[in-house]
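Across the two complexes that follow, chain A remains constant while its partner is chain B and subsequently chain C.
Right, the complex of A and B next:
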């Protein structure tokens, strides 16, 4: 019998892209489909280095459209398939993932954000939030986990497979070039040893028996002739998505119970916010932080509670208001004032956040 | 002491640059003329580029691109610096910092005289806390795949969490791998900032080199 990729729980020192490759192995992924783009390339590199040892597969496609559609094909054939991309590749990925939304197929896409618009820069940015959370020509029914470091990349890549296969919506792990290249330690583990049951994929087409007689027919459509039929389909999915959203939504908060100001950030920027807020609360400032871990669905109830409690919310992001836009929608009608600190495509330091907080409180 | 010509190579994120620049600083502290050469054309994200002026102020000559010289080239901007090609013709000691893996070591072919220089030594930097080089057999396979190696450097660490036992555990594995490979363990590299002290040699009797960590400043 083949050995498991990770047999014992231990601390390891890695780059973010390697973490994703190992996590996909640990999650029992069978195959990766991909097309190279910085800064996600080493996910492919490490997956292809590990794949022969653990009898996994890899297909390099001619572009991200193909990478997305072959991922879907793998899923329909009963494989735990995933892909990874960034920037312009993520734009192309929206077409296949829209199809996955429509057909209610599980698929995992790891996005290591780069600067934008277009080709732009390769390392630092949070400018793929709008695209990843609401891209495609549908209603954005997908799950997006935004990671803030290597432990998150490991934990949420594993979780993304389970979420995708459980709820049958495409699931994204949203990192960025900085996390992809950054080096830090984390605990790697075999999910089973921690009691995490991994989703078991099964073929969606070509199954045994006569459709309609021995089993329900497998019907996976992305084309509808009648508007009413489409309406029924979309409303049905929307209702289901709204029902499961509170189960999926995750967040992390600190000091918000008696804060006058809550700093809201996600992903790598959250690390700067955490450092600044912890320092200032130790000095007695009434400030807290709120980090949505899922950007889609957002933890709406908790955001509204927060917005009802604090006077101001400061949104900090390496984008020009992409998180702020999502937050404003979630907090709509609540009294808190929303202010922003926006640095599209460049990093935010704890010192800058600290200065901004001091201006506001 | 004769001329020192050393090449630092190894796995992705093994600590090649940190070890190369610390070696150059050590040589410079002895009052010797030394040039540190950034030969990493594999990975554009972590290079000596952003800290080159600081290194020069510390007495090390540096051959590395300046970001403004490569602006506009985007991801294709990682070409060999012309001065790097002729680095071995320089007076004094030369420390070459390669890109990672087998692609990285191939870059050495672009440096005039590298394949014929009798003093040139290739050191393979190993961190056994990295999953692909976690076991003795993994290290042996990795070093063999690289082609040439004249010695191993145990650079086992867990970043700020590094303890003496983490380093010593690495020292045992690297020594075991070196024995199989018929190579010497040139040194165990230990950051000044680690919790505890190891002394002048590790548990396998190999010399300890103290690292002053600078690469965290080098991520653009």
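Right, the complex of A and C next:
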């Protein structure tokens, strides 16, 4: 019997990329397909060191198109398969993930955001929100978890595999270069020991029996002949997505019950917001925070409730309004004024957020 | 019994007649492939992947588990399946646009890595589904919608020689051949040997099949056959290019 990668709960101090590799192990991932791009490389580095010890596999592909499409192959063969990418690689990844959306394939992609557009920086940003949340030539039916630190990276990488295989939409863990490269402490654990049941993968192709004799052949396509055929397919998926969206959507909030101002942020920027808001509420300021954990689907009901309650919402992000755009759409028609503090491709400190909040209240 | 031409056992009868144009070469390539699958008795293990372009019309052609992918991306999808489940026999079916243009990096890299998959590529010298544009395989002087005065190698180069390219990047264990719908017996033999090469776990196998597209060539039956049987092989040499035990390539045996 093969030993589990993580048998007992323990504290660890490691980089975010290492966390992702361990979490994928803990989630029972079978195979990683990947192509080098900074800042996600160490996910592959750690995975390839761990893989042979636990009979896992790895393939380094020729590009991200291939990494995405081989991941699709692994998933269709009935294995928990994943890949990781960033920036320009995430652009290429959208082609295979559009096929995963169309064919409802539970592919898992970890994105460690870097600066954009183009090659930009290899360091950090939150500029891949629009790309990851809305995807390619379709309706963006996928799940995107935005992590704010290493415990999140561990928890949500495990969850991503479960969500993907349960709902059959491609699922993204959206981190960033800061989370990827910095070290911090977290608790790693065997999901089973915490009562987290791992989804069982099943093959779409290569099932038992002779096709056409023992069973019908399993045949999958992404091309349709008629507009009406496609319409029915997309509407069917959309209805299903809308139905499950409230089950998937997650958020975190504090102090919003009696706040005049709610600060909205996701990912690592949320940590600066939390620090600033907690400090100012302790001083009696009527301010709260709201963090969407899922950027797709958004916790729309909670955003609308929030927007109906507060006078102003301050969106803080390391991008030029990508989260703000999503928020405005979700809060459309509500009276709250939306203001922004936008720092594309650069980090945000608690001090800056504090100053901005004091300007507004 | 109802009268129909003898079809391979691995074909899906309920999706016939197939959707290819009259005179198209795909049906013949897929007949040879179906017969090879039957003779090897591997219907329970094959995963068939087809590309975008006319080859996509084969997504429900066989009684085989099948995946239709994106343009050029059938090679990585089949690679992904094979890597995850090596006991499956993975066949990537595509045209010359998918294989030699938009997906050429996947062919080259899969060949270089000696992926244990079989790529079958129908070469009809142009993009057929999109209406007859120039392809990497269009012959010098050949008229297409995007080379209306004939392909000028000064501007657009010479036709790409796929099997020779694959042979150049593979080593021991690879099987590479070029057959033609004008001569089905050797074509079927090549396809069978390619699949046997995968079954033996030797490595990458690649078969190009010279094919016909009278719709876009705007040729009648006699002209079509002359183009496939006489004109194409003058440029695209028929035969086995590489045998798995031979690392050097450039083995030329026909059938």
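Basically, the second predicted complex is superposed on the first by the 351 of 361 C-alpha atoms of A that agree within 3 Å, B and C clash if a C-alpha of one lies under 4 Å from a C-alpha of the other, contacts with A are read in each partner's own complex, and residues count from 1 in each chain.
In the analysis below, a residue touches a chain if its C-beta (ideal position, glycine included) is under 8 Å from a C-beta of that chain, and two chains touch if they have at least 3 such contacts.
The model shown is predicted, which means the values in this text are computed figures rather than measured ones.
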Three-chain arrangement built on chain A, chain B and chain C clash or fit: fit
First (chain B), second (chain C), both or neither touched by A:61: second
Touched partner set for A:77, first chain B, second chain C, both or neither: second
Residue contacts on chain A - larger count, chain B or chain C: C
Cα-centre angle that chain B and chain C span when viewed from chain A, reported as a multiple of 10 degrees: 100
Chain B versus chain C as contact partner of A:185, first or second or both or neither: first
Partner chain(s) touched by A:134 [first = chain B, second = chain C, both, neither]: neither
Which of chain B and chain C A:171 touches, first, second, both or neither: neither
Contacts of A:162 with chain B and chain C, given as first, second, both or neither: neither
First, second, both or neither for A:12, with chain B first and chain C second: first
Chain B versus chain C - smallest C-alpha distance in the overlay, whole Å: 25
Chain B residues within the chain A interface of the complex: 12-13, 43-46, 74-75, 127, 129-132, 134, 157-159, 161, 219-220
In the complex with chain A, residue positions of chain C that touch it: 10, 12, 43-45, 47, 52, 56, 59-60, 62-70, 73, 76-85, 88, 105-106, 108-109
In the complex with chain B, residue positions of chain A that touch it: 6, 11-15, 18, 22, 38-39, 42, 46, 49, 119, 122-123, 177-178, 181-185, 188
Chain C-facing residues of chain A, complex: 30-31, 33, 57, 59, 61-63, 65-66, 69-79, 81, 95-96, 99, 203-207, 209-213, 217-223
